[in-house]
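Heads up, the next two complexes both have subunit A, just with different partners, subunit B and then subunit C.
== the complex of A and B ==
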């Protein structure tokens, strides 16, 4: 089945990724993440001085600001802010920096669908760049179900999203799937050996869909996220290799 | 977060270097930092890098009803809210003095100098006009936000194309990019800001100050000129007093800088137009 996005042949194909890290001079860490025509820039400052009102005695305060490309921040941006903050809170080892502030600013640079997923990935790279201690790495992709064909499309463009019956944003961590792990207690072992299972950190679905469709989206996104995780890993690795080389010169 | 002052050592080093005729980043006194312009995939999206300073401008438009006393005039709005991304001294919902100054300067330079033809934005008099909105996002602050923002805004406006319209008996239809070629805005002239900083009681004048230089400076002045050697705006908000001759000398420097920058902007726009395979109206 052909997609509206002519550059892709398969419905489960992701757009090309691009990332650039440590590109801002004033922030402690920064990263840009692109999914094809969608681009998000994220900056991280911290640990920094916190307002007494927001101070937490036993851990760092997380502050996320999302800035839209056009206009003043609205409800949509506030939702993204809250989603990112609440997903990151268990991920960041904030107990290591009590009474400090970790400020994250997410700026949309180009919008061609899936801004939230792009923002999640950009934030993750920026946090790594800032050297913030984390207990795992997240990766995110979005998928949608087409209104006419009922097909699951991974990483839709803005044009494709206009035809969506429902959209699903998934965030997974990078812990190994239970098929490969040694059966940790908290891993859910599936009866069906072929089905992969990851830890869902965040999921937001809008629109009308059935239970079966939801689980199909879940599977598709999980497979998509593995590519994202691989890419994030390579990106960070390349950055460290480059830094190491510069140190030796 | 509070701004941290530079240390005495840094300050003295910078001032001593200026006395010896050097700037700490190796530039000459009247040199701009390297300007880099990159365009987004859509029309009207430009990222400007002036050394380490980064500004993103995005132009968008919508159809609105004009004011009754000016039925044929469209609108041009500038949004220059600064986020803590540029520098953690900026806070959301709390404007700093610097922020107000920058946004007023941009308004003066681009809107009040009538660089954009607002009458050309009229669709049906008294009924429908275009409202053009320029969102300026400050991404990284390494001094001279005004010049970078001004370049970003005017380049984005020149890069922008609005959808073609068809008016039939007062019925307005917007045509998509596939149906008709989008139309560029009509721009009368290209105002460019050039900022100066003064040190040692006005003895040393530098162009395009960095963040550190801005913190140490004794006074500043921003001139807005166009390539026709017309002064569009001049802003000297406080700082040390200047001799008349100094201001005239600054104007002469600014003329040269504006010519250089305008050429650079034109070249970047031409290169982008060539890549998109469209002709650019001069």
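== the complex of A and C ==
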């Protein structure tokens, strides 16, 4: 199917990824993540000293600050802040660093749709770069349903989002789905028997959509996220290979 | 290593997708059970093996690995998976910039405050560390060392606990000798990543220090907290050494040698 985004041929195709880690000098960890023309830079400071007011006695305080492309942070940025914080809270093993602060700053650098997903992925890489203990890693993609064709488009651009009937942001972790549990249907079962499942960490849908459309989006995004996870793994692996090359020769 | 998977684990999903030499694992990755002699029971950090008497009885988990409730072992940090057969130890070698104190590690600290019984030390952790004034060689209540704010001290982490400030000492508690710990006078201190500091402390990997040592003499102290102190005959040499060490982090041995050579020629 033809897309508004001429660089892609398929509706389930993602834009090219790009990442760069450890690019800020003074932060404890930082990363940039790009989905095509969308780019987000994230920095992590922590575990650092925390203000008495925010101190938690048994775990680290997570603080997320989202900065928009231009101007001062508004309601939209506060939503992203809250979404990221609430998704990360169960992921970060904050009990290992009680009475400390983990500050995450998310700066949008370029906006061509799917900023929230890009921010999730950038945050993940920055946390890995900072060496914050995590119990799993997350990956995120966005998809939308076209108003005219009712087609699910993965990773839409801003131009495509203008034609959207509904948009869906999904975040999945990297835990392997319980593949052995064939037969016992206690989770989501697809009607066509094509069962794809993962652990959804976060999902935000806006617009009008049917239940069947929602599950189609879920499946498309789950498959898309596998590519993101693979890419994150390669990015981290490349960094460690570079670091350890002195030991190799 | 682990001969066979005696228990016949069904979830033997091998997460290691890395090259044969470097096994990079990410948070959430499982330690492959067939290799780790997957254990059945567990306590704090040593997990007992009751499957086979001939197999090593315990598996020791180092930094970056945590046993989960369902008897699997997962990584909580991204890094390179390491293993030694002695004691069947597994750990993840990761790199970060923020120091988290661990007992027994040598660190370089800056005096940031002084109370009657303690010095307050900045070692790069979230909370300042405490150094008792009596934790020095030959220190008594009458004869206590005198340091000022801003002084640099090479010390050892005596006690580290996630809920409390770390405690340091500059003396070996059994012999009462300083063991080389104490004030670092003169010189220049700078910060590097914890991974680089660890490599500088390993004589097999400290290529840059070896290369620099061929050209001019210098003193150095490396703290596990990523602080490096150097002292040499001239300021120009000190600057060169500091820059060379900072540059060396992502270079191979050959690149490191040519980098040092080029810098020395330019001086």
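Here is the rule we go by: the second predicted complex is superposed on the first by the 230 of 249 C-alpha atoms of A that agree within 3 Å, B and C clash if a C-alpha of one lies under 4 Å from a C-alpha of the other, contacts with A are read in each partner's own complex, and residues count from 1 in each chain.
We adopt the following convention: a residue touches a chain if its C-beta (ideal position, glycine included) is under 8 Å from a C-beta of that chain, and two chains touch if they have at least 3 such contacts.
Keep in mind the model is a prediction, meaning the values are calculated, not measured.
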Problem - subunit B or subunit C, by number of subunit A residues touched - result: C
Exercise for the section: With the two complexes superposed on chain A, say which partner A:240 touches: subunit B (first), subunit C (second), both, or neither. Expected result: second
Practice task
Give one of first, second, both or neither to describe whether A:41 is in contact with subunit B, with subunit C, with both, or with none.
Solution key: first
Practice task
Please indicate which partner A:24 is in contact with in the superposed arrangement: first for subunit B, second for subunit C, both, or neither.
Solution key: first
Exercise for the section: Considering only the touch criterion stated at the top, classify A:49 as touching first (subunit B), second (subunit C), both, or neither. Expected result: both
Practice task
Pick one for A:110: touches subunit B only (first), subunit C only (second), both, or neither.
Solution key: first
Practice task
In the overlay, answer first, second, both or neither for which of subunit B and subunit C A:70 touches.
Solution key: first
Completion exercise
Overlap of the subunit B and subunit C interfaces on subunit A comprises residues 27, 48-49
Completion exercise
Residue positions on subunit A within touch of subunit B in the complex are 24-27, 37, 39, 41, 43, 45, 48-49, 65, 67, 69-73, 103, 105, 107, 109-110, 112
Handout entry: Contacting residues of subunit C [partner subunit A, same complex]
Key = 10-11, 13, 17-19, 21-22, 24, 26-29, 66, 74, 76-80, 94-98, 100, 125-127, 162-163, 194-195, 199, 204-205, 207, 249-254, 256
Practice task
Would you tell me which residues of subunit B are touching subunit A in their complex?
Solution key: 1-2, 40-42, 45, 47, 52, 54, 56, 58, 60, 79, 81, 83-88, 92, 133, 135, 137, 139-142
Practice task
Could you pull out which subunit A residues touch subunit C in their complex?
Solution key: 27-29, 46-50, 93, 96-101, 128-131, 133-137, 173-176, 180, 232-233, 236-237, 240-249
